[in-house]
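Pasting the structures in now, so scroll down.
After this come two complexes, each holding chain A, first together with chain B and then together with chain C.
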Partner chain A sequence: MISKTEFTQEKVVVAVSVGLFILFSFLLSGFFSASNLIGLIRNISILGILGVGMGIVIIGRGIDLSMVSILAISAAFFIEMLNAGIPLTGSFFIALCFVLLIGIVNGVLIAYGEIPPIFATLAMGLFVYGYGRSQIMSADVAYVPDEYTDLLDLGTLKPLGVPIEVYIFVAVCIVAWFFLRKTKYGHYTYYIGDNYEAARNVGIPVRPMIVLQYALSALFAAIAGAIVAGTILSLNTRIVNSTLLYDVILIVVLGGIGLSGGKGGVSNVIFGALLIGILVNGMTIMDLEQTHQNLIKALILLVVVILDTIFNQRNEQTEKQGDI
Partner chain B sequence: MKFFTKHLTKIIVATMMLISPLMVIAQEDPGPEISNKALEGKRVVLMPMAMGFDLAQGWAHYIGREVRYWGGIFETRDPNWSVEAGSQALTDVIASRPDVIIVHNPDLRSYVKLFKRAQEAGIYVIQIDNRSAFNTDAFIGSNWEKLGELEATAALRFCGEGTSGKIGLIQGEQVNASSIDQYNGIMNIIDANDSVEVVSKPYSGWDATKAQEVTTTMLQQHPDLCAIIDFWDGTATGTAAAIRAAGKTGQVRLITTGGGEEVACKMLNEGTIDAIVSTEIPKQSQAINATIKTLLQSGMPAGTMQLFLYTHEVVTTKDDIYPGFCWSLEKNAADTRDNT
Partner chain C sequence: MTTVLRMEKISKEYRGVKAVQAVDFDLEQGELHSILGENGAGKSTLTKLMAGVIEPSSGEIFVNNQKVEFQSPSEALNMGIAMVFQETSLVPSMTVAQNLFLGNERFLNSLRRINIQAQQFLQSLNFTVSPTALVMSLGAAQRQMLEIARAVRLNANILIFDEPTASLTPEEKKHLFSLIQRLQKSGVSVIFISHALEESLQISDRITVLRDGEKIFTKPTHDLDRNKVVQAMIGRSLSYSIGQTRKQQDIRLSGKKILSVQGLSMGNLVKNNSFSVFSGQVTTIFGLVGSGRTETAKIISGIYKRDFARGGQVDFQGRTIRYRVPSKAVSDGIVYVTEDRKNEGFFDKMTVGENLYSGYLSSKTHNGLSVSMREMRDISKLWIEKVSIKAINDNANVVELSGGNQQKTVIGKTLIQKPELCFFDEPTRGVDVSAIDEIHELIGNLADSGLAVIVISSYLPEVRKISDRILVCRQGRIVEEFSPANVSDKDIMFAAVH
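Coming up: the complex of A and B.
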């Protein structure tokens, strides 16, 4: 018997994405071409990588609002160290430690300090941005020094004609998928997200696991930062003031990783990102005005959320404490 | 009395000697005193869209240096790209009754009511770079429509015979005066020329990463573009990255505008951008400085005049730049450190 609830949000998103894809392929010349589709995936790679990191944290029933600040400041810190004459490997190692430290502090504040993740990471995001802008950077843009521009120019790297960003995105997805589905730590993440108390009662090391999750999201944010810096050869911290963080949460939740935790996976992030990617790509080709683009984006999202409510009606069984 | 007549000549001479310095003073230039009286101790507050970017740093340096030079007090406020924070800061600034407020508008409408309130409170309001829908004592900055025309003229040069004549635009924001006016200016020229057309005009939201993304799509769709006009050099780094990634550097020519900081000269020299219409921040700041002094010395109540001082701008390519054409944030910062 096919129950109604099998038509999950993930499937709604896939259906809407496929619908848009077919529609655009017929209506827009140049949309359905290998190069445009590769460009489309390239364009969602940064969003997608952040989404995968955010997804892991949300599955564990947390949220990381410091990701975009970490993205910006880790890359800027790395560039500023190069500018200060610190060798490449040293700069890389220090930046990596910096990123992991932020992630670990986030995790410790949440797991051991029992501060709600939304507040801990919001404060951490503001702190990282504020510290970076005032103590590390002299202006809001950090430029890769001339002697490293050839070495660090990721933008022109295109093995087999596919931009390097796409490979990195795929690699991040595979690593995250492996972590979530094939390791015990991944399973622990689901248990913790599903029922924190029960997970602790059966002996899962819940606190170290939470620290691990935030270290991973910080790391993924730094990878996204490396892509931004490596393709534009500079990093403008204005990205922190953009809507990127909301877009990340959007694709994760849209894709079907509920904010209440314990469900979903990497595929959900990919589908959420693809929907946004197809939509934005199509609207850019159509050359729509900015306000119209925002309106259509909002409408499509509302449709997805409404369809989800129709197909997956909430009742006492599916409702869970902590739903936002 | 005898003593008096006897020494009359001496007394006259002595009196003359006593008075003479006063007479000399009376003949001296009265200007400095008038200027000092009008300016000394006056408070000037600058509020750009954010303090951390090149334009704001430039204004703060050149205006701050001058205000301190004539004995005024110079302050800045940093809304860090947030319109809400800006409104709050502006409200607080007005309550503290400075003499001059200099504001860099984020959009056409947000601060209009506050400008009215400030002028009613007797505070001179100078708007810079981005105009608003309300005319205050002065606007100093680019005539963005004219600037757009200049950019389009540069594009025409790159899109002559043998090219597709297709031009792409990377606009800023739909609510921002510099973006809207720049677009109108560009279209004035493009519409008047049958050999060229704008084939795509997405928005960057002033974000370099977004500019890179929309340019990637644009180049995919129109690989034969001859030129892209990006509405700000801050996002042109992203646009240039997309052009580079598509292997079209030198083929798709990039035209942009900015404050003329050193990075712009570097990008011109490297061929990352092909032409820039510089708003020349040091020159623009001079006009702002002159306006501050004029307003303070005029004695007129705030809101009497409505001045529009547009910066003289030209299209600059790699061949036009000369040493000292661009100004340097780094050098300014060093100057400030040395002088404090």
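Coming up: the complex of A and C.
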């Protein structure tokens, strides 16, 4: 949990972020302004919420590729239920159960069915998206019905001038941090990610824990979905085909949560998200094309990962089968 | 007779530990030469040196009177030395013919061509297996014979076998031996490592016995019998305090019967195993590798599952138990300290404190959901002292510690759980000499405090030093029980070898 290496990936990312922040503040007019910085955090909050969910799963040495499908279809399902005239609370609980069910099925497939997480969640993601598009929705986009627009409009909620999604992101971070650091089950997640066999032998209920992890990531995906739908009062399911999922994995890995599990925390997700947020914001102000932005993101990821392998070299002692 | 392989004063050190010390060895053409010794006597190291898997620290190797220095197994293979591995190195999803030609396919590989060539070649060895059969459909013996065929095809004239018969049925063994004998007649020399004494005495021409990395003797088999070989294998120099035998009055009396196992079975590894364990005593299970000791312990502590039907019965404290997962066993007070601490013992990305805390968190002594750093520090401080882990502080990473301190960390995290029955599987394997005594003392203290302690060990001096009761395991079941006061090493060894 506590890395004692002098030069960690986390520090590299923070240093690069601070460097970019200072650089952009001096070079780009309009970067260092309250409205731009609030916008910056707002932009990364969806990514960050997904990243926190993904982070928990990756700490437990898994991966959840179904998160973006869950995001899209859970929100769309909720909206479609409202459109069908089901009352608000009823729709909410049905949608919540739907999300938890997907997460639990993911976890059961992985923990009890012993299917590698990458396949189980890939299949689940495709299934959820396919099911939602073919059975629940008639079009790509679901619109919140008019009678609920006032109630569900999150876009206009700005306590103290800060958009509501920033508060939700902060709340999600606090909840996840509390889970990982302050509860028994959070610690179990680290032990399982570090060494599954050892965790099992010491008496940790490893399989229920894995189910819990995937239920949590599904829940966080649904929260992100609620924000997406609430701020624009509609949900376009084509988000599933975007690069969002890769961006989520990007910030988690960039922040320093290794795919081999057992290390990192919420702060790593925040650092990773901030770096990408600052970078994208600066590049947008510079008016760089999307394709060039992707190129720079890719280079940053490679540099950080290479630096990590240089500074945290694996050797016979720490190497284990299944390390990625 | 010509000598095909000679080793002079060969030594191999691993980080200061001598695995093989100044051993002279020679192999003649067409002979079958057995190398015998206890676990850790240096047999495997010696053969790996011959096959170029590892390089010697000092000493010289001659093949056909020509000095060689192998950098890799392929160089040894070029000189005609091939090793047939215990875990076979075949590709299961490919056919027999493809495996036979693995690594020397032509650029344009024709399956038909290699099938025909393989057929002819296998027939010349009188080894009947279809070249188009998939390797995964073959039995253990056929796989091993295929490996031999592969080595012969590469013109190997020295074949090294590491425990070739461990996983074979008697029928398969006969097939393997007849193939080996045919090869011998055609001038191939064979080196044979085995735990099975009878086998070695039956088929080999000469026998070399190793002990603690040193050669005891090389003698023609007709000058030897089982007795002499066993004596040579165990007659150990008393290098340190280990090796002292226990006096009758030191032996702890058995407390109440805490565990009773009847007819425990799991596949081929544990067969109809029955025994009892008493509290306040150290019970050791002695046996050779593969005798089913570890599996028995793992079944009882919920790590493995026994056979569903006719798996036997386990009673713990008068209650019949059958665990599906270790966590239930832990909460009932049965814990297992692994022999493989790197892969299933400690958490290598974490500190000593976090490792120790894992045991506390998953035990029934920890209530509720919340955890705290202060609690972790208090607990780890207490247990670092209790099991005397020598680390700078509880924040030291566990991988940075010595083997002994890693082992103490694993033991500590298990003892935190307040067990009533504790399995120690090879507790001093890979542990520095100074820590061995401390771990032995720790185990003794546990028994004094009323725990039922079961130690699995294949190291006779350790067994004799710490046990109050000795059980011997052979081929998946406990076959004999001894009291440590009036038993000789020879008796124990006799019971363990088959």
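Going forward, the second predicted complex is superposed on the first by the 318 of 324 C-alpha atoms of A that agree within 3 Å, B and C clash if a C-alpha of one lies under 4 Å from a C-alpha of the other, contacts with A are read in each partner's own complex, and residues count from 1 in each chain.
The criterion applied here is as follows: a contact is a pair of C-beta atoms (placed from the backbone, for glycine too) under 8 Å apart; a residue touches a chain by one contact, two chains touch by 3 or more.
Keep in mind that this is a model prediction, so the values were computed, not measured.
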Item checked: Clash or fit, chain B versus chain C on superposed chain A -> fit
Next item on the list: Would you check which partner chain A:P163 touches, where first means chain B only, second means chain C only, and both and neither mean what they say?
Entry: first
Next item on the list: Between chain B and chain C, point out the one touching more chain A residues.
Entry: B
Notebook entry, point to check: First (chain B), second (chain C), both or neither: which does A:S242 touch?
Noted result: first
Check: Now for A:Y190: first (chain B), second (chain C), both, or neither, which partner does it touch?
Finding: second
Margin query: Contacts for A:S234 in the overlay, against chain B (first) and chain C (second): which applies, first, second, both or neither?
Written below: first
Margin query: Looking at A:P145 after the superposition, I want to know if it touches chain B, chain C, both of them or none. Which is it: first, second, both, neither?
Written below: neither
Check: Between chain B and chain C, what is the shortest CA distance in the superposition, whole Å?
Finding: 31
Next item on the list: Share the list of chain A residues that count as touching for chain B in one structure and for chain C in the other.
Entry: none
Next item on the list: Mind listing the chain A positions that touch chain B in their complex?
Entry: 30, 33, 35-36, 39-40, 42-43, 46, 133, 138-141, 143, 153, 155-156, 158, 163, 228, 231-234, 236-239, 241-244, 280-281, 284-285, 287, 289-291, 293
Checklist line | For the chain C and chain A complex, residues of the former touching the latter | finding: 301, 303, 325-327, 329-331, 335-336, 338, 342-351, 354, 357-359, 361-363, 366, 368-372, 395, 397, 399, 413-414, 417
Notebook entry, point to check: Contact residues on chain A for chain C in the complex?
Noted result: 1-4, 181-188, 190-191, 194-195, 197-207, 262-263, 317-318, 320
Notebook entry, point to check: Can you list the chain B residues touching chain A in their complex?
Noted result: 50, 52-54, 57, 80-82, 171, 173-174, 200-203, 205-210, 212-214, 216-218, 220-221, 234, 237-238, 241-242, 244-245, 247, 263, 329-330, 333
